[in-house]
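Two complexes come next, and they have one chain in common, chain A, joined by chain B in the first and chain C in the second.
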Partner chain A sequence: MIYRISALLLLIFSSLLTSGLRIEITEGIKDPIRIAIVPIVWNLENPPREYLHEIISSDLESFGEFESLSPKEMLSLPKTDKEIFYRDWKLLDVDYLVLGSALQGEVAGEVVVNFSLFNVTRERLMKRSISTGTTFYLNALAHVISDRIYNEINGLPGIFSTKISYINKNNSSDEKYFLRVADIDGRNDSNIFSSTEPLMSPDWSSDGRRLAYVSFEEGTSRIFIQEIYTGKRKSLKREKGINSSPNWSPSDRYLAAVLSKGGNPDIYRYDLEKDTWKQLTKHFGIDTEPDWSPDGKKIIFTSNRSGTPQIYEITISNGKIRRKTFEGTYNARARYTPDGRSFVFVHRRDELFHIAVQSLRTAKLQILTDTRLDESPTISPNGKVIIYATKEKEKDILAGISIDGQTRFILPTNSGGVREPNWSPLLVSTSN
Partner chain B sequence: MQNYLSGFFVSFILHLGLVLSFANFFQIDNLYSLNKVEPMPAYLVFEKPQVITKKKNIKKVKELIQEEPIISPTVLETANAKAEIETVKVEKDLLLKQILGEEIKSSAEEISYYSNLIRDQVIINWKQPSSAKKGMSAEILITLVPTGEIVQVKLTKTSGNQAFDSSTLNAIQKVSKFEGLDMSRRLFDNNFRKFTLVFNPEN
Partner chain C sequence: MSLFDQFLIIAAVICSFSGCASVSMDRAVEAETVSAVSESEYSDSDNPVEGTIYFEYDKYNLSASAVSEIRALANSIKSSSSKVRIEGHCDERGTREYNLALGEKRANAVSELLQVNGVSSNSITTVSYGEEKPVAYGSNESSWSKNRRAVVKVL
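The block that comes next holds the complex of A and B.
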């Protein structure tokens, strides 16, 4: 008994000792993280002209989270760990340092980059990694390295190896409509499909290998699925009336889409294994623009059943529908954020169309953009950035904004009208 | 044989008692320890040399007594001693108030003042990673020396996100020494020698 009491007393005493004073920190500074990418040492016979460190630096700076030091500002250019003088880098207010060297791979044209990431503040090595690529297209290799650095420092997948699909309308050529895919820095822009008739609503499959889109090549709308790397196409069973807005389920087994065979547009589900349609919503109003929730259990869509376009959510298992937006008279084109906790959509205020984000739990609405005719928001797979279509000087362009509304940028893309961007899932594993 | 054993037993007990008492097993010194007892004010009354001389020149004293019979030097002395005791009491109270009372009154204010000082120095050095979210929480136990220098950093609760934990450790490494902690030693020892920093992002 005495032992128990004394043990208890000891416990209380020790807990008193450890609790002590607690100081809570709820904010930090908004300054970007300072990173120095030392020019990669080339141990090749014919070093390429492109500079890896420049691509990595500009990748990391894209969304305002990082600020990189140019080699001109560096006090030394260390090649190995031993040549690092942390004091110099601290003087330059650098948080992280990257060293690397490139070697000839086993196959011709193959290049192997060894790089190390150092935490300058704590004077320690954080990560050593090897990335392999080709000299023909060094950007891809640089993007992979950027992704790994980003993931290591920020604890989130990097998105520099992801791609954007979009529709390009070009009035000067015979074939007016193009479905194109580009890197997120606008480079490596390539054509996937072109047509004299309209193309609409491209959507990436969850495995990142296929695109579903609407084509009017047969005179009326029809949904197609195209494999990006082989060009192989497949069409879904066509129904009478509108066939539009395809959206892949997280498992890639189903596509949600809009059909008007029942008299007015409703949300349907296409089973790719059975090639059958199943009706999900049935209302005399227009139901359109479906998006599958990340857990695959719900679909968010736009409906004018209340008189004005508003956002609704349906639970697929029981068909229950809940209205989600109540502010304003125009809310449309909702897309879930990857964590499934909120959605991004087009919101009209004072006759202007903005991109807004709303929490599903608290229903708090936040307008992100101050441009005027914003449409088709699409979210990066790490949930940090939104790209949307907007107009600048009467020209259709793609613009981006970080989800906290802090950083804005414009995507360099093909001339001519650029519309309906859709962000790919993560295409390269960034975990090692 | 029996006699031998009993003699041995008695001597063993005696020696054991001796050894234990030398080893301070009975903690005799604690009984008389000055540290354990609250200091008692000692009031020393110095008698005037006049009084001492009084014994030698009894006549003079007698004359004095005759001249002023009411006020005797001993009464004067006791009055002085009383006054002295009073003043010492007041001084002691004041001292006690300074040491305990007033510090207790203002220590909450002082703790919050120095806590804010520490908080500000952490904030300007903390760059949150993009993965930081409301609801994440990391705790770090800091050990300081009185100059404000951080001598030990220990992650006592992880947020579950390595990048987030790392960012908080970076912030503390950047601070390395808290400036402006010019507090009393007692306040430092009681609150700031070891304390916990809780990182709870709000956004």
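The block that comes next holds the complex of A and C.
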């Protein structure tokens, strides 16, 4: 009995310890959307101990766009449409209201949640929806419901069912390098690969099932592809010199990457069906950090061909290269926004490295972050949020900012050593 | 030996250690201003075919003293017919993949000069670690200047 309790405690503590990447808002928007998630009515014999409405509320609040009302503040707890008195909710300045009930599914452990979203200002029902999940993993079900609520209100996919991969390495020479994947709320933080030699540059495949990354386990850099759920690994044909910066094409057929076999780092394309490399850029300077445009027709990359690192874009069909950044002497590692209209990158100003965004059409550059050693920006699949790596008190941590610059947050951990975040694509369909 | 004597000896040892540390720290600061000064004389290895060459921020050109250091290394490598591996490294500033490229440029700069001085290309391998393997962990110039380096190791 004591063993069981201690085993249980250990499980609880270890899950508390591993869920390090919790989002902590440091600066929110002035006027967040106010939403009330009424506690879900459980029509189950053994309702789970975790509260669905709490997970949904914390999901919606996580990037600062929403503020949710706690049940204690609610004037009534309606169970059905008829029990809603809009006046009560207007009094509390609530914009949206969610009611729901959970039923036993057909299979043991299965839960079916019916929920309804109301627009309080317009006093009308916006959406009714059904989501099915399991009591064993209530979070996944809550995230899907949060995604649907978000999608209905903002017209963009919700990102609460997405994951993040990152590299973990603590600051001493004897620590290992870890490639890890966690849910975006910090739960299910798990190890994908570890090595005593450096691991770098994880990049999610467009189907969300594989990670490409660089490993030095053979003494030099080599690109590997690993299936996340089976652990199956394959390596790309290694070439002399640098093998780095893998980036999946939108179709997952190709990887853009960097090889220096020609004497200096250039951008290449690896064909995963034919297992062959094709050279895309050829210059005696450094070409690196490729990223495919969302339509798959272009690749944005960093080159120091002008003397300092700047952002360039190549059209794959004709090899035409255009310089994109002209402000400053250090612009690097660009990532396209999901709409393909802008790119987010690292920009140096006054000897400090910040995350910036630039429109491809107007070329207007906007610095987003006020931290100092920022790098590795990764954009949420709905284009609203950026997570990046930075330093806080000499520790490697992740931080984030909304693309409009209004919300800022950090993802603190006890140990530090967290870097190279890469946001997964949407993993479950948010439309219904 | 009395307890007090032991204390004195320990204190003396500590003082001499800290004395050394402050001297090498001063030299490191010098190195950053003089630019890319070779500091292999402070490295752990006494092997004449091993050494560390330091670089300026975001640069991979060799200073005059680095050139003479590499010439001496070339002579030792040739006379001992050793095989060497050159590791290129960077400080933490800037992006990781760009730094991986920069680290390779540093390793190649050393490799090319060894070859100019008669070392066969067959005896040299290079690898860049970018900013992935720092020797100093602070976010300040004294750490950065130690990390911007190419390390020649005998295989």
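Observations on the model:
We adopt the following convention: the second predicted complex is superposed on the first by the 391 of 432 C-alpha atoms of A that agree within 3 Å, B and C clash if a C-alpha of one lies under 4 Å from a C-alpha of the other, contacts with A are read in each partner's own complex, and residues count from 1 in each chain.
As a working rule, a contact is a pair of C-beta atoms (placed from the backbone, for glycine too) under 8 Å apart; a residue touches a chain by one contact, two chains touch by 3 or more.
Since the model is a prediction, treat every value here as computed from it, not as a measurement.
Contacts of A:P202 after superposition on the shared chain: neither chain B nor chain C is touched. Of the two partner chains placed by superposition, only chain C is touched by A:T288; chain B is not.
By the touch criterion defined above, A:S244 reaches chain C but does not reach chain B. With both complexes placed on chain A, chain A has more residues touched by C than by the other of chain B and chain C. On chain A, the surface touched by chain B in one complex and the surface touched by chain C in the other have no residue in common.
Remark: chain B residues 111, 115, 118-119, 122-131, 141, 161-164, 166-171, 173-174, 191-192, 194-203 touch chain A in the complex. By the touch criterion stated above, chain A contacts chain B in their complex at residues 18-29, 31-33, 65, 95, 119, 121-122, 152-156, 382, 384, 404. Contacts from chain A toward chain C in the complex involve residues 171-173, 198, 200-201, 216, 219-221, 241-242, 244-245, 258, 260, 264-265, 286, 288-289, 302, 309, 330, 332-333, 346, 348, 353, 373, 375-376, 391, 394, 420.
Interface of chain C with chain A (complex): residues 92-98, 100-102, 104-105, 126-130, 132-133, 135, 137-139.
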